[in-house]
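Mind having a look at this structure? Questions to follow.
The chains carry the letters A, B and C, assigned in the order they are written, with residues numbered from 1 in each.
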């Protein structure tokens, strides 16, 4: 029997994902007790976290287990990810040893590692999380890598189902938003994949130059086709929102200028109106579409406070659902 | 039913506080088992902690629960506290979302946030902890805010009762102490409130210019009156200590120069003799008065090592009591 | 009854150490359940950790207990270790109060504190860990001090026994390795003490100027004599490795230049061939000797990746054994 990792939603079959989502619903209803007694999850955070850490730690605890929280470069040793390196520089611990050692202490390893460096051609291989999985003997869970945030994707899917009921033929808009920094594309790609999994009509509204990776488009489109949905990419944000059932504003940086913040910043100039306002929420289907976000969200920058605080916001439910989908995932992988 | 917060000791009735203290005694005696099984406390530390974190985490564990420890700006996202901000600067997560999200994961939220900025007129509203309470659906516990440290106050009260027995008509001296930095007033205000709750004769000995906030004096005086005690403010430190049953040396900065460390430092010059020495301890009632401190204490600066290490020191008991009062508080709020 | 600390392996009798190792084997086999229910371990990390923290936290959890992780100067207060100081500088909490307070919350205290400062004459007294033990009412466990890393030593001993079977008359080589930084001597001293405990023929291969502390040599030699082994010190690394049953490459800085990194660096120049290569592993007994390391290891600097990834590497077993020896230690001290 080989171990199972959870690195990207599309690595699992749609049936397996549906099974997970059904289990998450049962967890949320309080129907599942125990299941992780004496189990240990080692979490490795190379980047900051609030929801991810809090929800994972809570998930393990609620079922009788325990989550370790390790932060390389802070409380723990600076981590090397280059497989062939001669380690005579500043990094102290190699990912190979870390993955192997944590496999001996823990039943699963969860890793957060945002894209680093300046070459998207390198980063798009998602090598850090993939190498963790390669060198770990235990299941590896992706807590956001260069390319994917599949736990967020699961939570997005559960939230869409809860709020919209039947999702097929309904319209999901992933809307690029202005932000003071160039953020990664893992969350928007994973949100669109989640909507595609639900068979929704997915529209990605972004300005020219802000396309997701070409493989992401292919993945989203293939999954949408398979599940009865579709993918459209446009720069007409208001046209996209008109009649949408769910709008997911999210900032991300231009991959064309990956690792070049100065050039990237220039591309964002004059685009502060790419923001989810109350007026835009009134344009959604029946004026009742939901607003989503992975959080943390820049208030009054990505989304207006009025929307976040209003009745159409699903962002807090979405954050809560992180807990329940992860309970299901942990029960499935190591329960 | 509305949720209960614990933001300041005086927000609860004296009867409720006495009930808590009685429950703490039973916890300390080992009479209370369980009570927090599957309960989660989310702790948000915007400032450092040793006793608070260790005692809270232990309290939850001893009764079957779990405490999460989140540190915005370190392992977690930099936190925004301005309600009306346009978040295009350096802060990443808003307190509103944080409070709402943690309410979904945890049964209670505990927050430490020292005063920031340079305007006491703003800070005295204690807006960070009050806003956490406003936006959280679950009980919020103050682990030291701009104005109050009520868990410390509870521990102070329990320690005074343990060491002095009947506290009414006994004398409590809060003594300003020299310190290389301008510290907040939350601890001294809370200690005086605790002594007032016990009906003690409270004396605050401080140099001119080092008054607590005027509202603190009003709160202490009103509570002392109600409980059969009194409040006196003086600059005669030796006169105050003469015959006292408990002396609590504590450094705090001048509110007149709040947020202006240069000006504040000048006011402290020449006051290094505001220090609790062994000679002063011999002046206490029967030479047997107790020395208190919230810790961390600057050895040989606020209090001499000889006093800290001597038989009249109650500081370690006081630190231990943090554990027991917090066990009682958690059992009361979410048990 | 006085409390027992675990500060150095040689502080305990060889019979007590053998008892611990036997208990560790039973833990590893899954024969010991519970034993630490409601027990709390307070861990104080003044320096980074991965294995130590993860394995200690897991050890407590697996037996029903809980480990607190405190980091002075990060989430916790900057710690003062000078006993006679007037604390008017930057340190905020004194080790005396910290030890006393944690004694009230926890059943044992575990401390990591690497050597600081520039005077080996001061550091060699191992004052930080010894003072923690002096002022704590509860057992203190050394998680690596200036002089010793006895939990690593226990894991080294267990790993040698597992891989070599009968250890007496077998050859253990502690091999100095080049490294970009001057590392402490606690690990190499503890590894040699562990091998001496097993009655092995211990060879320390190091370049001139890289001797361990003279007291370490005396301790290793005395223990080896008592247990039927021996100690030899040489600068002939290949001669030492020839026919060895275990080789433990490990970098450490010259004590002659302790606290003087510039001078120390000069001494290391031209010594990058002090590295454990595959060729050297072929020179071991029957070409089957094992390669050991405490981790983190500098890949291709202290030891070649080929060795780390090859069949003679015992480093991952050694890291796993940290967990089991610490389970035994905790059960013994506070179970």
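The rule is simple: a residue touches a chain if its C-beta (ideal position, glycine included) is under 8 Å from a C-beta of that chain, and two chains touch if they have at least 3 such contacts.
From a predicted model like this one, the values you see are computed outputs, not experimental measurements.
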TODO: Could you report, rounded to a multiple of 5°, the rotation needed to superpose chain B's C-alpha atoms on chain C?
DONE: 120
Task: Residue-number overlap at the chain A/chain B interface, same or different (half cut) - done: different
Task: Mean-CA-position distance for chain B and chain A (Å) - done: 40
TODO: Would you mind listing the residues of chain A that make contact with two or more other chains?
DONE: 74
- [ ] Over in the complex, which chain B residues touch chain A? Could you list them?
- [x] 38, 40, 42, 66, 68, 70, 72, 74-77, 80, 84-89, 92-94, 96-98, 100-102, 104-106
TODO: Give every residue of chain A touching chain B within the complex, in rising order.
DONE: 45, 48-51, 53-55, 57-58, 61-62, 69, 71, 74, 180, 295-301, 305, 308-309, 315-316, 319-320, 323
